[in-house]
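Next come two complexes built around chain A: one with chain B, the other with chain C.
== the complex of A and B ==
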């Protein structure tokens, strides 16, 4: 079902088009992804595993492979990031898709180009880095695999905190618009450009990119990697059922495409994401039966918690989801209280009649490109797992490769924007620009963000990364 | 960790694992495998899994034929599905000279009892329907060739070997071999010393280094070979395809992924195993020239491993001249997974009974003193 009215968002839909799903004709709007269009038509089961278990959307940003379908005869297409087009033939799969034997690829030469700086990922970190570089006369090449720029900001409907410099009081999607506006026309931007790998060829650093069905080879002097994060999953029976979504996917569906993700929801996780998305669900007209949190305390800001409590949503700490109910899709959820060892306490189980289980249980940095490029990694739980080691100035162990935002350790968008600026300034300093004061300023702002009890985890995490980085430098 | 063992095997790749199993089956249970990292960390875990018998030297053909007989029964014997798919190997040729070489090889193979045949391009297309038959001049096919999952093979061998008391010491690096007279009397490792009965050098590309610890010089050289794997699609190809024109090979795993590689004549010996864009482009280009439909697949991963290459592309097997308890099982030149099950039996018989089969004789280190006539069909 598509949302028509929303207290904050206005949905401007494209041209009406028609496509087929397993032979059935379905209407959609240009600008939607295949998965969003199917969801709007009430279709939750996108494909099935080899054994026949149903599979639906989970991450909605092309990272989890739960939404693979056969599109126009091509198997294993990520339908959550592929735009729907008039006349498309979309088919569900059982296990991997079938090779199309009559497909003939069109041989083409690789397109080669050079760039002084390449930025991978056009979220808050990448866009902020691009802006700083442009201000100093460097025109970066910005690559993003999504059809939209702005990363996860485009689905944030809440107003940001902090100072004016950090765009406090502005809603996330407006920040994305502002950031894009500031660089569009100036930086060279490629959307739906998938970076395949960073290689060393004849002593030069070459980034291989799939773009517009061509291989693009970019000889890149310096690189800012701002590839963001992916959602964590949770183990429980029934977690494979369509209707179990990552919190980010729920935001994408309702805030980007204006598609209602369900009627009644259980939110798992009372960190800031869980609390904010619960409020957003209410704004989209979805009932939220409860927020469960495994820890004994609410993890997010109390102002966010208070907001949903006022609207009657119970936040149950020391509780978790133990099972998703249903055969073909979520028809309910079993929750229970848990003890100090996170084991369910018998007799406390409760059934909720929800059709949507939203997981907001944290993020893992998306670091594959960095690992492939040979950057040394470290395991830092405070930052979400394996992170690239980097200096306080955001340079990794691969000289000239900088990181910023969630891929350098899970934080939030304000941190990502500051880190993007810092990476850019750091890169400029290497090029002998006089930016010492700017660097000090950004570093002070970052310190301010990481003050206080909520800043403790990222602060400790970053200190660990810097220490590990120093050890590597010493050998 | 034990301080002594009847047999100390260096390396937990397919050779070490198969040998430990064959020894245990013959009642030799006091066996230790020393592995610098973990099972399959070297070439076995990085290879394409092909099992081919269509070679150009009698020894390689015989060992491979013996090996296929083992692979045919291995799933049942080990109690692990090794994902053996006996769909044959199709070898492609693009010139007259290459076709003549195939023709000669088939004659030799047929003499030794291998059912390989020459095919026209049209016949080759019937074996592999995605083939663009217009780019080839000839082909050969042997229906009893195949491929399997190397991880599962090693897992199965080690599982059974352990049941018989074989110990597998992971993260245990051999750092020295002490020689007294004509024997190795001590194996020094990062985790302590072991007094060995027999020492087997199955260290793959590091065999040369291991042999040097005992003062033995092997002619082997490590050479990087790169490989890539695609996303899975429904199983559609039983056959494994290789070309003697460009050294490409590819097959489909039971899971449905296309796995393959291609040789690079410019590759110099060394221990570099980084992945290159040059390989990926070359592999993709040549793969799509033979099978244009595969262009719809995305590559998931690429990696590299090391061939342990000898001057005649045949393995170095059996006892070492001058060191009676030092046995070589290396130098496979890219064919270790194909012939290890057979090699393991020859070596186990030798260790058990002291017999030296004709093949061990012919493939011993001593042969490099004489003139060398080597294997011609090395791909990947």
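== the complex of A and C ==
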């Protein structure tokens, strides 16, 4: 199930290696994650719950805990972000997993480190912030939990929207390469560095980071949090079955690791993500039986819908997935038309013989670190749910802590890059750099990208955030 | 709600003024842009070597094409991230449509392919007269019955 040929991507695979899964020897390539390697070998059931229900991966970016397995005797390893290695012993677990009684924790001192500015998350927002800081002689420390930098961009094979100045017309993964190249060697970058905690007390900001099997404590003067977003789940019977994947996971499997996520798919959600990922599935040689959308109209841009329509993919508005069929993995999907109250209309149920149900039902900002640091949050549905309150200059209610990109409200890569720049300029302004004109310029570009009917949601969302922020400042 | 927001298929009525006139097409290939919503996008404007496409400010304007200025070079066809630009041509008594193509296998010159409508219906077959690459996107030109140039917007390799 590895893709050998792809119309856009070239997969450069590492050395061939062997590992075992529940005692069975399996071949893989260096550079793949454990979950990707297992999927390529046709294994979708990674573990089981206490009651024996099968579990597979869902998010593939280390956020949902659906892919936990026991690796080399250590339980609850997130196999979707852990690289596979020669000779690894991978085991499925039942329930929470058990620590091998002979396993002894090796105590080691935490490593301490200081940095003038720390950037958490190296997606388009974080990378753009880093670039601006470097241009002003500040060398930031950039932390990202993924083995690859670029955030969501690395999975995007399509050419991007936005203005040419924000690299529109260039394919997402190439934008990631360009951004990384601009800071590589100059900024201090730690890959596979997961920020577990953020503590802001007495004007000190300390990050707890898991890196290279050590705990790193980083004291930072200023901080840009650009942790992106995570996918929403949907309630329906059978949604636990392996083969119900988030759109991002499907993209990671097929576009980063070159592993076919299934043979026939149902896409749930006709926003831009659902439409684009449907097209990417076709490019990877996966059939798309249908796209269902609960709303009476398509949410994404018409041009993205047109791409899949002319290749024969039906888009069924006012439709939803009613249940996933199958015992051990997805063997089909039941869809139905829904009425004005989003209730299935009896008699409209239809079965599709798919082995993949891909959910593209929206994103929530990843804000855990900010909440932990005591940043005030607000519920703004236009921006994807709970978002950190921030000023038009991207500063949160915790002084010296800035936000940018999807974690400050779901947007686009183009706006994420601009917000990253804005956060960096705003931080520089506090340090008495003369950047007023730059700030005005970036704000103008942001405002222009948020015009028109599709810009209405982020536009009103941001206005709400700024108003809430003002109220907090006054109160 | 506009019907195409439900179906994903643009009716010809929505394209009034966006389709080059017949007299222009008799003189050679010309672009047609099926991008009718206010979305923040402008690579087509930037890539056109003769400045035939205008988006302007703000970037959410829909693109406007000057049919007289367009040389039919195809740069925009292979650049538009919406895959929303096509070339139409009625010169020399032969009708041709050029579409962006990002699947495998890539059809070869001379190959007979299926012709697909905006709704994915098979409208017939046509012969590929040219394939070339613009950046990483292939653009494929097919010969087809003249009455189909306003309908065919994709091709599919037979038994592909």
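The rule is short, and it goes like this: the second predicted complex is superposed on the first by the 471 of 475 C-alpha atoms of A that agree within 3 Å, B and C clash if a C-alpha of one lies under 4 Å from a C-alpha of the other, contacts with A are read in each partner's own complex, and residues count from 1 in each chain.
Just so we're on the same page, a residue touches a chain if its C-beta (ideal position, glycine included) is under 8 Å from a C-beta of that chain, and two chains touch if they have at least 3 such contacts.
Not measured: the values here are computed from a predicted model.
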**Message:** Tell me the contact category for A:168 with respect to chain B and chain C: first, second, both or neither.
**Reply:** second
**Prompt:** Does chain B (first) or chain C (second) touch A:125, or do both, or does neither?
**Reply:** neither
**Request:** With the two complexes superposed on chain A, say which partner A:324 touches: chain B (first), chain C (second), both, or neither.
**Result:** neither
**Prompt:** Which partner does A:197 reach: the first (chain B), the second (chain C), both, or neither?
**Reply:** first
**Message:** Between chain B and chain C, which one contacts more residues of chain A in the superposed model?
**Reply:** C
**Prompt:** Once the shared chain is lined up, is A:259 touching chain B (first), chain C (second), both, or neither of them?
**Reply:** neither
**Item:** First, second, both or neither for A:110, with chain B first and chain C second
**Value:** first
**Message:** Once chain A of both complexes is superposed, is A:414 in touch with chain B (first), chain C (second), both, or neither?
**Reply:** second
**Touching both chain C and chain B, counted on chain A across the two superposed complexes** = none
**Message:** Quick check on the complex: what are the chain A residues that touch chain B?
**Reply:** 74-76, 95-105, 107, 110, 196-197, 199-201, 206, 208, 215, 217, 372, 374
**Request:** Going by the contact rule at the top, pick out the chain C residues touching chain A in the complex.
**Result:** 1, 4-10, 34-43, 45-47, 57-60, 79-84, 102-104, 106, 116-120, 136-138, 153-154, 156
**Message:** Quick check on the complex: what are the chain A residues that touch chain C?
**Reply:** 5-8, 158-164, 168-169, 171, 282-283, 285, 296-298, 301-313, 315, 317, 412, 414, 448-455
**Asked** Inside the complex, what are the residues of chain B that reach chain A?
**Response** 129-130, 231-234, 236, 256, 274-278, 280-281, 285, 288, 292-299
